Structure formats: C-alpha cells, structure tokens
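Down below are the structures I want you to see.
Both of the next two complexes hold chain A, though its partner changes from chain B to chain C.
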Partner chain A sequence: MKWFKGIFKMTFISELQYRAAAWSGILTNIFIGAIFIMIYSAFYKSSTEVPMNFKDLASYIWLGQGFFLLTSLSFQDWELIDTVRYGSVSYEMVRPYELYGFWFGRLMAQRMAAVALRFLPVLAVAFLIPDPYGLSLPATWTGLILSIISLLLSFILATAISMYVYIFLFRVLAAWGATTILAVISSFFSGGIIPIPLMPDYMYQIVNALPFRYLGDFPFRVYTGGIGTNDAVFGILIQIIWILGLILLGRVLFRIASRKVEIQGG
Partner chain B sequence: MLLFKYMKINIMSNLEYPLATYSTLLARMVGIILELIGLFFLFDRFQSLVGYSLYEVGLCYLIIRLANALSICFGKGYNSMSGLIRKGAFDTMLIRPRNLVLQSFSHALDIRDLGVSVQYIIMLVLFISIYGVNFTVMKGIVLLLTVISGTAIFLGILMISAGICFFSVKNIEAVSVFTDGGVKLGSYPLTIYNKWITRFFTFIIPFGCANYLPVLYIADKIDSYRWLYMLSPVFGMLFIIPCIFIWYACAKHYSSTGS
Partner chain C sequence: MIELKNINKTFRVVKKTSGAKEAFKAMFHREYKEIEALKDLSLKVNEGEIVGYIGPNGAGKSTSIKVMSGILTPDSGECSIMGYTPWKDRRRYVKNIGVVFGQRSQLWWDVPVMDSFLLLKDIYNVPEKTFRENVDMLTEMLNLNEFINQPLRQLSLGQKMRAEIAGSLLHNPQLLFLDEPTIGLDATTKLSVRNFIKTINKEKGTTIMLTTHDMNDIDAITDRVVLIGKGRILYDGSFEQIKKKYGNNKTLTVSFENEAEPIEISGAVLTKIDRNQATYTVDTGTVSIAEIINRLSEKTQLTDVDVKSQAIEEIVASLYEHFNIK
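Here is the complex of A and B:
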C-alpha cells in the first residue's frame, strides 16, 4: 500500500504542476455539461414520454462531467506506453515484483489523483446551478453511500479494462488505435455519448451484458435514485464479479503476452 | 503548387507506418459511427427537436464536424504553434522566402486527419442520399460553401490562439472551449439554445453561418429572403480575414526562444 500512496501523491503533485491544463479541463467539462443540459432541455420540450425525468438527467450529466476522467479510457499512462515502445520495459521486467499488479496500482493511482483534483470544482458549480438544470441532492442517504461504493469500485473496473490496452501493446506497438477504439466503445456503452436511459429499449439488453455501464451509468443512477436500493446492491455485486473476472483473465493474458515481448532497440 | 507538394511529402511520410495509420483511421471511424448512432437514438426517443427533424439536425451535426476535421487537417501548424516556437522551428520558417501563412497551413499535414475528413464527407453524402428531399445542384453549392465557411471559422479561432502563443509561448488551452465547445454546440441548430448564445455564435463568432442559416435553406424551410440564407456561409468566411491580420500583428512581436 505504501508504494500505492507514493504513486498517488506523485501523480497528484505532478497534476498540480500542470494546473493550467487541469483548470482548462475543468472549464471544458463545465461548458460541455452546460451544452448537454441545453440540448436535452430542448429535446425534452419536444416530447412528454420520457424514461427519465429532467432533474435526474441533469444530475446524471453533471456527474458524468465531474467524473469524466474516471469513465474515460482515453486517459492512459503514455509514459508507460513509451517504455514498451522504446524498450525500457526490460528494466521493469527484471524487477522483483509482479508487473501486472504494479502497473495496475500505478494506473489506478494516476486515475484517482487526476479525478480527485477535478471532480469537486465541476460538481460545486453544478450544485449552484438552479433546479432542474443543476446537480440535485441524492435521492436517499443509502443511495448516496451505495453510489460512492460503486464509484470507488469503478476506479478498479476502469483500471482493469485499461490494462487490456497494455496487454495488446506487447503484441502491437501502435497503441493509439487500440486505446481509442476501446475508449469510444466504453464511452458509448457507459452513457458518455447519450445517457443510457434515453437509448431505445432494445439497447438495454446489450448494455446490461457489458461491463462498461458500471463505470458511469450505474453509480450515477444509484445517486439519482433511478436504481432502487435492492437493485443497487445487486448491481454492485455484478460490478464486483466483472472486476474479478476481468482481473483474473487480464493477469493470465498479461503473463502470456509479456513472456513473448520483444525489446525494441535501446 | 507548393502547398500540394508539402502535403504530398507529409502524406508519404505517414504511409511509412501503415499499421499505425490504418488502426488510427479504424478507431476514428468507430467513434464517428457510434456518435452518429447516438444522434439516431435520440431522434428515436424524441421524434423531433423543437421543430427540427432528424434531417436538419443531422446536417448541422455532420457539417460542423467535417469543418472541424478539415480545420485540424489544414491548421496543424497553428494548432502546434507553441511547439514550433519552443523548438525554434518558427525561425526556420521565417528564413524561407515563402509566405508565412502558407507555410503554417501546410505544416505537418497528417494523413490520419485527412482520413477523418474523408470519412465525414462519406457520411454526409450517404446521409443526404438517404434522408435528403429534392436536393438540387444549388443546394449542393450552398452545402459546399457552408463546409468551407465552417472550416474558415475554426481556422480563424486556431489562428488567434496561435497568435497569442507568440506572447505566451505556451498553448492557451482555454481555446478548446471555442473549438471543442463549438463542435458540441454547433452539432445542433443554434436556435435551440438561449437567445444570447444564438446571437453570440451568429454575430461574434459566426458559427450560425455554417449551421442553422444555410441548413434551413437546404431543408426548404425558408419562404422569404432565401438568397440571404444562401449567402450566409459567405459572411461566415469573412471571419477569417480579421483573424489573419491579428495573427500577423502578433507574429510581428515574435522573439525567438533560441533553442
């Protein structure tokens, strides 16, 4: 745990060094959140049969913007990607610890640090925006607690999924394409492009069969009360099963892939 | 032409890495299609957007994204002005006996960006051939002008931000509010927003000229003053003229970073 804290602190400090980038990220998230709210409020004027009321939708969108880097899989450690590309991964591989676990911790600490720096300003602004356009208080206290648990699990899930980029990287050095495909697919199926409740009904089955909705859609809807307590507890169990499954498979694949890794140049 | 020669060299250097190029293009295609599917889903759920049909919104959506893709494609030099200044590459450009604006335009054209633009063009043509009703040659010309107008507006914004770089050296990240935000905002007819937003993005930064104004004409929703709507993209293009002057004025203050 000590090294995990160390990496977390290191990333947090280096993120603080790039305050300007963080601020402009925050600004962009707020701006894009506001645009989404305006677009959906126009859509909501055109129809009365909607599967989600507007107040909940607004909270859903603001949470999505606040935790943007939690759900975004285009957030990757490019330094780590370069180690494979330029061959310095060989130093990593001779170190006496399991590489999968160490990289996992490193990626997760980075993700947590980046989100920790950004989510509060976005959510604070969203709270100040008047109803029904802003972020509302959670429906119930249990909903709030369950959504926090689920969000914390999302960090592990997002990291477990992003580890597959590095597995792929051992075989193919051009990482950008693989990362982007994974990122857009996950963004689509986690409600980042349009909120999942607004998708056609037949899409729900596909979305439910994939792990991505547990990154964003699920915890956000537990927060707004769109998912009740019983379903929320059940959903968290499924989230944990996904995490365990993806980590176990990822570890095996990582070992196989790293055994065959070719060290590039020097 | 020199511009095309520059482009050809850049494209050939990209093709030296075919796998990276193709996988990136594939990734972008998946992204484009999924975002478009999102739009279709919304219309499946809501049928209309305060009076606008899928056809009109789809046109706005594809036009602004194509324009943005083209501006990224041709404005790479402006986009990376901060890097050019820091590495001293701008000094090299100053020595060459060629126009600075031209050199910046053709700097580092990437086939992947060009590929994204081509993908959007294909999408736009497909979309119109499926959903379009009595599409005439005149409408085609207006559409073409609209895309050029949108590209000019995005390039103008890039040029101003590149101009600021001459003073700050570092890139001004907040400009992405206007570029990325402009894409998001302009993907839908601007009149659905608060009237101040509509006005700002019609008269100050004229995204409206590459958005609802010409689209209303293309979708046959205008009865009077049609020529004004047809000509609106041309007004939008004018935006780039002051931007070029501002960029030149800023470039006069350039002092080398000496690396």
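Here is the complex of A and C:
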C-alpha cells in the first residue's frame, strides 16, 4: 500500500501544477450550482406539490457541484489512456504489480486528489450563501457519518466503473467515445442533471437498477436526511454489492483484454 | 542467465489500405494477414555479458525484447531467464530486470524526476539505504544533478534519456534491457551513455542486452553481436569478425601531377575521376592496396594517396545485404 500513498502524492503534485485549471474548475462548479438553484427556485415558485423541499434541494445541488469530480466519469487518466494508445503500456507490464489493482489504485488516487483539491472551496462558498439557497448543515449526526462512509465508497465505485473504459481501450485503442457515453449516462442517472427525487416514477425504477445513483444521489440524500438511517444502512450495503460485483467482473475482463494486448508503435 | 529455445511469435494484423473509400469498406469487412515476427529464435546469454542486438527495422528485435521481458507471450518455444519463464512468472520475474525503451517514457510527465524515482522506489520496495546509494551513484555518473528536481516535461531529450536509464536501475536489476537507448542523442550524451553502460556492467556485473541502430554504440560497448533479420537469428559472434569479413572494401583516392586519361586497374573499381584525382574502390580480399598503388605509379606520377576504410554503417549495410534482409 506504500505505492498508493506515493501515487496519491504524485497526482496531488501534478494537479497542483495546473492551478489555473483547478481554480477555473472551482469557479465553474460554483457558477453552475448557482444557475441550477435559480432555475429550480423559479420552478418551485410555480409548483405546489414538490417531492423534496427547496432547502434540501439546494444542499443536494451544492454537494453535487462540490463533489463533481467524484461523480463525473469524464474525469479519466488521459496519460494512462495514451499509454495504451501509444504503446508505453510496455513499461506498465514490466512492473512487479498486478495491472488491474495498480491502475485501480492510480485512478482512485487521482480522483481523490482532484476532489480533495476542489470540494472545500465550493462547499465553503455554498455554506456562506443564506438559507434556503445555500448548503445547510446535515440533518443528523448519523446522517453525516453515514454520508461520509457512502461518499468514500463512491470513490471506489466510480473507479470500478472507470476501469471498464480501460478494458474497452485495450480492444479499440480510442477512449473518447466510451468515456463520453459513460459520462453522459452516469451524470444523468446519478442525478447530476435532474435531481433523482424530481424524476417521474417510472424513471425511478431504471435509476434503481443501475449503480450510478450510488455515486452522488444516494450519499447526498443521506446527508440532507431525505434518506433515513435504516434506508441509508441498507443503501450502503447495496453500494458495497455493486462495488464487489463490478470489480470481480472487471478484473476477469481486464485479464482477458490485457493478455491479448498488442503493443502499439514498434 | 538467458536461454531462449525455438521461440515463435506471429501477429495477426488487419490489412490496412489507404484512402477514404477503402477505410469505409474496412468498417464492415476486414482482411487479416499474418506476420511472423519471430521464427525459431534460440539464444543463450551468460551472466555479466553485454550483447548487442542488431538488425534492420522490423527485424524482430523489439518483439524479442518484449518476449524476454514478459510483455508478450510467444506462440511456442521455451524461455528461461534466471530460472523464470517471463510471461508465466511475470510479477516475480520483473523485479529482477530493468528495461529502457528508448522511444517511450516510464517517468511521470508532470512531476520532478526525483518524485518519479520515489514512486519507483515504492513500487519495487527498494530499501531506503539502497535507494539513496543508487540515486547518489546514478546522479553522479549520469550528471542528473542539474535537472533532477525539474518536471520531466521541461527536460531535453538527452536529459530525459539519462533520467530514464537511471530510473530503470534504482532497484538493482541483474539484467538490463536497453532498447535503443541512444536514439536521438547528441555526440556527448551518446558517449556518456556508452561509458555508463560499460561501467555499470563492470562494477555491478549487470547483464545487458542492447538494441541499437548506431553501430558505433556496438563498437564502443561490446564485441558480441547477435544479428536478427526477418525474425531469425542470422549471426551470433564477434563484431570484429563482421568487420573483417564485410569491411574489406577500402576507398583509395589518388592525386596525380598531370591531367590524365582514366586509368583502369584490374582489381579496383574506378568510381570517380576528376581533372587530376581519381577514386577507386578496392576489395582488399582479392588485391592489396600496395599492389594497386604500385600499378598506378607505373602509369602516372602520384602526388598524394589517401586510403579510407569503410564506415561501420556501410559494413553493416553490406552485412544486411549479404543476408538479404535489407
């Protein structure tokens, strides 16, 4: 596990070098959060029956923006993608580690480093915005703790899903398509575009059958109290099952795909 | 150390055609062709040896290095390196080897070289003391001092290559594969890389397999060369022998006092004639230079004689030609 710390540090240093990107990311998240809140406040003014109160909705949106890179599957390791594309993957294969595990660690460390660098400023700004437009305190202490556990699991889940991009990459050498499709699907089904409580009932069934809502929607609603303690514990169990299932299948597919790897470019 | 027996490897590649129409067709129907990258490759390398691996582009050099370093699985054949079968015991085996692919990078692009080294230290579980010693030694020998704290992306090609080579040796590998380590380097850097390779072999006893297209590398570093062409080993032996066998042609330039008619001499081919200067190519296997000069001076008054040996590149070109692998 020493290398995990090493990779985490490395990614953090890399991320820090692109300060402009980090700052503009933070500003974008704040801006988009504000726009969403304005739009929904207009909707809420004209509706009488709402499935989620406005205060919770605002928190939900702000958490979504603060942890944007946690839920976003368009965040990928392009250096690693180029590695496969241009053949430097040779170097990966002469290292004494299991490729799936190491890449998993690398991707997760990157996601964590990127989020760690960005979430505090966004959430801090959201806290300062007055009620009901800003980020509120969690409903209960249990809710806070459970949502933190679930958020940490989300990092693992997001990485497990990401790994399929790299499995696919071994076969087709182009990651743009796979990443874009996956990113759109996941941001929709994790409630990043329309909060899931506001979706119609039939959508709810589809959403529940997919792993994406456990990336964002679920931990955010545990935080706001929209999901009670019992449901939260149950949800975390389902989250863990998704993680295990996706990793087990991913590892098998990864082995098959990497065994057939051809090294590009001589 | 290394023992390869009858290794075969075939690639199936899509027959690519050019042009938009053909590319469109290929979306629906693809034709494949088989390329035999390695054919019955057998090779033995002893501990502490340096082997120069040469051959034209596409001969199978890199493929065999990839088989030997556990990246590719051959279709058939046996391979035992330090008691391991590379593609079967990959994880345990690769701890003992270092690899440099001259055209690729193993260090992180955005972080200082030293940070990449630290990560490699964690990956290979190198003890702190060994790591310090190695970094100090490599820094001194390869002059890494001036840039070790700069991100890789800011380094020149020569600096990058030196950093890459250092990176592959941090874990004290017993066997080092260098795939074109001098590609694109300037004269001074080439010299220092060559010296470094020799030193590391002598002092640490590291076995080294080196591929290169720069025959001066081979000349400076090692005497054992293995020539590979079209996936087969064509020659395995001393480089001196090659030079003797294929380096017989010498270029003889003579100047004479008066303008003269072209002089034909048997045993020498007249390649160029100027007003009072003529250039001959002489095959010293059939006739000696002295003989030719004798015969020339019988016919005209010589003022200057210049004899040049063939450049190493030319020798190797005629070697490739001999084996029909150009």
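In this text, the second predicted complex is superposed on the first by the 265 of 266 C-alpha atoms of A that agree within 3 Å, B and C clash if a C-alpha of one lies under 4 Å from a C-alpha of the other, contacts with A are read in each partner's own complex, and residues count from 1 in each chain.
As a convention for this text, a residue touches a chain if its C-beta (ideal position, glycine included) is under 8 Å from a C-beta of that chain, and two chains touch if they have at least 3 such contacts.
All figures in this text were calculated on a predicted structure; none of them were measured in a lab.
Q: Will chain C clash with chain B on chain A after the two structures are superposed, or do they fit?
A: Fit.
Q: Which partner chains sit in contact with A:Ala42 here, chain B, chain C, both or neither? Use first/second/both/neither.
A: In the superposition, A:Ala42 contacts chain B only.
Q: If you stack the two complexes on chain A, which partner ends up touching A:Ala178: first (chain B), second (chain C), both, or neither?
A: The first partner, chain B, only.
Q: Mind computing the angle chain B to chain A to chain C from the CA centres, in steps of 10 degrees?
A: Nearest-10 rounding gives 90 degrees.
Q: Would you mind checking which one, chain B or chain C, touches more residues on chain A?
A: Ranking chain B and chain C by residues of chain A touched puts B first.
Q: Please give the least Cα distance, whole angstrom, that chain B and chain C reach in the superposed model.
A: Scanning every C-alpha pair, the shortest chain B to chain C distance is 6 Å.
Q: Which chain A residues come up in both lists, the one for chain B and the one for chain C?
A: Overlap of chain B and chain C footprints on chain A: empty.
Q: For a test of understanding, state which residues of chain B touch chain A in their complex under the given definition.
A: 17, 19-20, 22-24, 26-28, 30-31, 34-35, 37-38, 41-42, 44-51, 170, 173-174, 176-177, 180-181, 184-185, 188, 192-194, 197
Q: Hey, which residues of chain A end up touching chain C in the complex?
A: 2-3, 5-7, 9-10, 13-14, 17, 79, 86-88, 90-91, 93-98, 259, 262-263, 265-266
Q: What residues of chain A sit close enough to touch chain B in their complex?
A: 20-21, 24-25, 27-28, 31-32, 35-36, 38-39, 42-47, 50-51, 172, 174, 176-181, 184-185, 187-188, 193-194, 198-200, 203
Q: Which residues, counting only chain C, touch chain A once they are in their complex?
A: The touching residues are 11, 57-58, 62, 66, 69-73, 90-92, 94-95, 97, 99, 101, 103-106, 108-112, 115-116, 118-119, 122-125, 151.
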